[in-house]
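What follows is a set of structures to go through.
Look for chain A in each of the two complexes below; its partner is chain B in the first and chain C in the second.
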Partner chain A sequence: MKQFDYVRPATVTEAVAAAAQPGAVYLAAGTNLLDLMKGNISRPDRLVDVTHLEGLDGIERLADGGLRIGALVSNADLAHDADFARSYPAVAEALLSGASAQLRNAATVGGNLLQRTRCAYFYDTASRCNKREAGSGCDARDDENRGHAVLGWSENCIATHPSDFCVPLVALDAVVEIEGRNGRREIALEALHRLPGDAPERESALEPGDLIVAVRLPPAASGFAAHARYLKVRERTSYAFAIVSAAAALRIEGGRIAEARLALGGVAAKPWRARAAEDVLRGVAPTADAFQEAAWRALTDAKPSGDNAFKIELARRIVARALSLAAAGTPARLPALPASLFASTSGAIHA
Partner chain B sequence: MNHSISLTVNGARRDFVLDDPRVTLLDLLRERLHLTGTKKGCDRGQCGACTILVDGKRINSCLALAISHDGADILTIEGVARGDQLHPMQAAFIAHDGFQCGFCTPGQIMSAIGMMSEAQAGNDPERIRECMSGNLCRCGAYAGIVDAVLDAQGKMDETNQRRSA
Partner chain C sequence: MPELNLTSAPAHLRHGSNIGQPLTRRDGILKVTGHATYAADNHPPGMLFAVIAVSRIAHGRVTSLDVAAAKRHPGVVDVMTPDHKPQLAIDPEIKTNPFVFRMEALQSNEVRYANQPIAVVIAETLEAATEGAVLLAPRYETLPPLVGLDAGESFVPPVVGVGNPSEHHRGDVEAGLASAEKRIDATYETPPQYHNAMEPHAIVVQWDGDSLSVDMPTQGLKLSLARIAELFGIAHDKIHIRSPFLGGGFGSKGLMGGPPVLGIMAAKLVGRPVKLVLRREQMYGPVGHRAPTRQRLRIGADGAGRLTALDHHARTVSSTFDDFYEPAADASHTLYAAPAIRTSHDAVRVNTGTPLFMRAPGEATGSIALESAIDEMAWACGMDPLAFRLKNYAEREPISGKPFSSKALRACYEQGAARFGWAKRSLQPRRMRDDDGLLVGWGLGTATFPALMFQADARAAIRRDGSGVMEIGAHDMGQGAWTALAQIAADAVGLDIDRVAFKAGTSDLPDAGIAGGSAHTATAGAAIHSAGAAVIAKLADLATNDERSPLFGAGNAGVIAREGRLIRRDDESRSESYAEILARAGLAEIEARGTGAPNPAAMEEYAMHAHGAVFAEVKVDPELGQVRVSRMVGAFAAGRIVNPLMVQSQLFGGMIWGLSFALHEEAITDRRTGRIMNANLGEYHVPVNADVPPLDVITVEEHDPHVNALGIKGVGEIGITGSAGAVANAVWHATGVRVRKFPIRIEELLTQR
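And then the complex of A and B:
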């Protein structure tokens, strides 16, 4: 690990000033950053430790019916907050389907959003990677790439964003609150992560010094609590990143879908909101046929980036299944195996 | 630049001067305090052998910078027994052959103790397997580990009920 300077700012303003310097990065729990630093993938000159800052670790119900989650709330504390899990069950399920209990206890909300891809070529410093070293090339493109992107990729980068948490969040129109050199601003989570294009080294809309201080769920987000699921296919049932995942949330009124929300994970460099699929579900009955149609719409633009055409068909099936499970109703208790297809859940219309 | 931190480790306050901010909690425990029960397996947060409790919560000590945890209360495998009396989880791992080579065992036991206080698994073996998935055992002693956790949880629940009765 490269030597670095360590600073522990007393205020958010001090933190922003310190992190705006070239070579500086924020340190929260470090569960991703330290791993990257140990592998020499990240080589910061300075760590700006934000873990001791006041006021960033609360979960706050807002007067308008929304929710504000401090950036330093741990993944576990958020998922296990009973009110949170009741109001946003797919988000809690997604959180609990990610990583291990030890990592969820440490990892933060802000860190989860900004975690880096697990592309093996990004991690292997002997490989070429445009994300790690701009302009060096992409060794994933013609090598082991069965897990790589099928949406929004470019010839320069086919990596995926690994977060589970972000998938239902983007479906529920989450907003990211940012403190920067010019003060406070906010952007939609959907606009936080960038597609690779010709600059895969630029992964987010954040500028130097920008600090995510909170994630906000708008009032409408809790309106899907009765019909919301997160489903995740992985190569083992626990403690693995998604091959493909989907968050499905429905508002059902009078036997028809008043509003649908759908997002996919593991398919692109960002959590992938599938608005075309949402549109075909508006006003129709929640049937297997409707969900099949939505699944096809969600993957219309998908194309393999290598040996991963299977992910497109898999994603269609996961979308249809997640919608069916959501239509059947949010389980009274979180499944024993969160987000697993192998959990026994009754009432689903099998796709 | 030197940094001073203090930790409570297994009930005792310890002060440190760090001449390098790269020291993890794992390396601090092993190299500075010679508490070598906490194991360095992968050193990358994948195997769980380095699991300790920090402020009551189980984490991977290999991915935690010591300098960032100034003031933390730490419990390691060396701190769970009362003198010669093993912690019920330790005794259950022995009774149920919850290990073979033993390398992952301190992490397994610390993880299981942390899991109990999270109250997320209950006595459902499937939940226990899910909640313990951050601890790998290359010998494959998983069946014994699940039995040990179930047994220890049962005994500790009984003890707690007797105490509160």
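And then the complex of A and C:
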């Protein structure tokens, strides 16, 4: 592989300075980056290892009722934190439906947010890819695109963002804390990932050197704990990315939906918040008809980017199902098969 | 490599003979403690790393390689290209026998498929060699590639599989179809699949003058040795191959491919030991795969549900430069008693590596189509799928009219159905639900695989201390040869298994034939059995001709060998230990050789096949179409079961592969470039633990006096057959949707609510 420098800064300030140099990238667990480097998709000159930075691996309950999750908390530690899972069950469910146990033990909160698309043409360096090499073209557009985007795509890029974790986070208005050359700032997670437009190579709002140091859930996020689910359709149970997934969270008061949150995964270059669908649910009774209406509303703007029209219908159905499951109430325990359609309530069935 | 010592493992508890006992793997502790040395674990002093650069295009020519840039990279020692390489003794394009396939050994700049080796970078470290391969930055002259089952003109191949006629018929199929009361005409597609053994192809090579030492996983030590000898122009006895363990082979390590030859060439070029290991994505090209098929089945049945005709045509592909044709339609030769059967094949050439043997070649692809079609026919006749199969049960092999050497398939159906609970199945599809409202489907598939025998030799010896030795260059691919063959060896020389030094896995041992065709235990076992009998006969001669022996004069009555003693057959009070016999004769050791081989007379007279019945249950979300297999039961009759534990594992593995065939596996090819877009285990899905349901295997008792002396039929491949169709049929039964393109995808099942 290409030779690179490896630096291990002692402080966040040092890290930001080191990573602001051209050709530098941050290394956290490397569960995605190292594969990209082995495949020559990423050829950085310098890795800035942030895994030894102090103070980024805590889960902190805030005075205002919110929660602050350090960027270096592992996916497994977060999902298995009992308080966290109780307050944000859909997030825990999403985490545990992603990757494999081994990867979750390594993968970090910050890294998960910044994982790259799984588009085969992005990974295949013999193919044209506007994301990998700006302006080179998009070979996914006309061939293998069964799994590609149905929302927010452009002629330049039809890739999807693969994260499960981000889907409920964006539904719950998560905020990303960033340390950069000009100090600390924060942005909504929903604003972190960019749609491709005419610059698919620019995937996020981050500037060179920017380091995600924490993800914050606002006080209102835990208000959905009683009615929150994440549901993921995939082709096998062991390690597969979502064909489509949905996070649904409801606040039900007096038999009516006081507030709904809905986001979709596997459908766009970013975790897709479906605000129009949320709007139609406000103040109505949690009925199958209402959920159908919301499902249609969530996919109003969807259009196939290739051989993937089925994903639109599948997305409608999974939205309706996720809302129904959320309305039925968060299970007392996380299902043994998190986010699976086959997570039986009535007895053990397999996978 | 440390001396392999399997005989010091703790003794297993058992009664009676060695064969038939469920011994755990004798190499298990070595493997779980990391002491089993696989090829790539060898690091001779001074070893360099070789990395293959592969073609990005599927068809054309390499016009330039930046060798200078690669060589400038720190650590790179040399770059082997078509212009800079050791000469081979013969052109690798020459097919010197039917088991030689053309390979890429840098003989030209031509590119015939994507991922074809085009250069080899040799460096002090793996990282340097890997980067050197990138720095070669090849340029190409690209020609349009041939891709897919409709590429170019089709033709009828002269033979399919290994020398099978590409067309075969018995009776008048058209008349049978014309007279049928019910007919189906259905077309099924199966995708290209890749072996994906967990252990990638690897070779560690050391030249010493004109002597060659090779560590390499191979399913055919002697075939590999012969191919190396002819390619490098060296004598057989100058080559030593070690292959004690394979991390899976599945047919992709059976015959010498290009990559290990490149490793040997690289070591010769640089004059130092070299290791070459394929990256996962490089296994999608030069080391074989299962070709895609499109199969049309036309079946007729009379009013009583009896078949009148079975017509099975398979379209497949081969490479542009060599010939291997997946014999998919041949799966219809043996199972169902149609009075008229026709099977035929045609093919197109595509820009791919040559397809090759992959676990149940032909049987696996053919079985999923045949079992789906039989199910469709049963439904058309309004019959239960099991009742329909029993109605058309073949008492003689349908295509040949020969009697079966043995066939306990009826018992497989009965025992499998009883264990599964088949009697409670609804005839109509989409009628069964579980407590969660998921659709439940039950499906059945019949399993079949020929009972083959190849040729093998073994050497047996009895030593002065009364212990035994059995030597055979057999192959353990994970199936348990170290254990099962040692069990046969122990019985062959009348000793406890821990008193026999069983040696296998190196090319200096007697030829065990190839570990393929589900025939290794039968073939190597027969050689071991016969070598053991021969050495015992020699020992008996010593004793019965010696008047000082209590066995003197037992000649005609004969002796039996048991627990290290020869015992007079008609008087068990008269016996003598092996050690006593050898001591008196003043011999350190007595040895003999034996062979195992097919019996042409029996093959002429009988059809020889293993059989089975596989039952699968799937659950399908009625709205979202997601499918999971929830349980499988397989009942198999495969003659003598040497080690029930190993056999169960083999059958589990086959059934899981069948599930994979129906629901998961598919190499996705870009139609424009011929490149495989999911050449990694993240995206090329195979079922892993969470995808594998509870499995239940029943081995049905079956005695076969004809297949070979030990009555073994083999279990390596049969588990895939039947299983894939059972899952596909269960999906239909759950949903009412018949999917004919495999693997079954969720979009096919997103039916109207």
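To be clear about the criterion, the second predicted complex is superposed on the first by the 345 of 351 C-alpha atoms of A that agree within 3 Å, B and C clash if a C-alpha of one lies under 4 Å from a C-alpha of the other, contacts with A are read in each partner's own complex, and residues count from 1 in each chain.
In this section, a residue touches a chain if its C-beta (ideal position, glycine included) is under 8 Å from a C-beta of that chain, and two chains touch if they have at least 3 such contacts.
All of these numbers come straight from a predicted model, not from anything done at the bench.
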Touching partner for A:103 - first (chain B), second (chain C), both, neither: first
Contacts of A:238 with chain B and chain C, given as first, second, both or neither: both
Chain B versus chain C as contact partner of A:51, first or second or both or neither: first
First (chain B), second (chain C), both or neither touched by A:185: neither
Partner chain(s) touched by A:202 [first = chain B, second = chain C, both, neither]: neither
Partner chain in contact with A:118 - chain B first, chain C second, else both or neither: second
Touching partner for A:6 - first (chain B), second (chain C), both, neither: first
Chain B versus chain C, judged by how many residues of chain A each one touches: C
Those residues of chain A which chain B touches in one complex and chain C touches in the other: 1, 3, 237-239, 337
Residue ranges of chain C in contact with chain A within the complex: 56-57, 74, 114, 127, 130-131, 134, 434-436, 438, 619, 621, 623-626, 628-631, 663-664, 668, 670-673, 675, 677-678, 680, 682-683, 685, 687-691, 693-694, 745-747, 750
In the complex, chain B residues that touch chain A: 1, 3, 20-22, 24, 43-45, 48, 51, 57-60, 62-65, 67-68, 111, 114-115, 118, 120, 124, 126-127, 129-135
Residue numbers on chain A that touch chain B, as the complex places them: 1, 3-6, 8, 27, 29-31, 34-35, 38-39, 47, 49, 51, 76, 80, 99-103, 105-106, 237-239, 336-338
Chain C partner contacts - residues on chain A that touch it in the complex: 1-3, 40, 118, 120-121, 123-127, 139, 142-144, 146, 233-240, 243, 310, 313-314, 317-318, 321, 337, 341-342, 344-347, 349-351
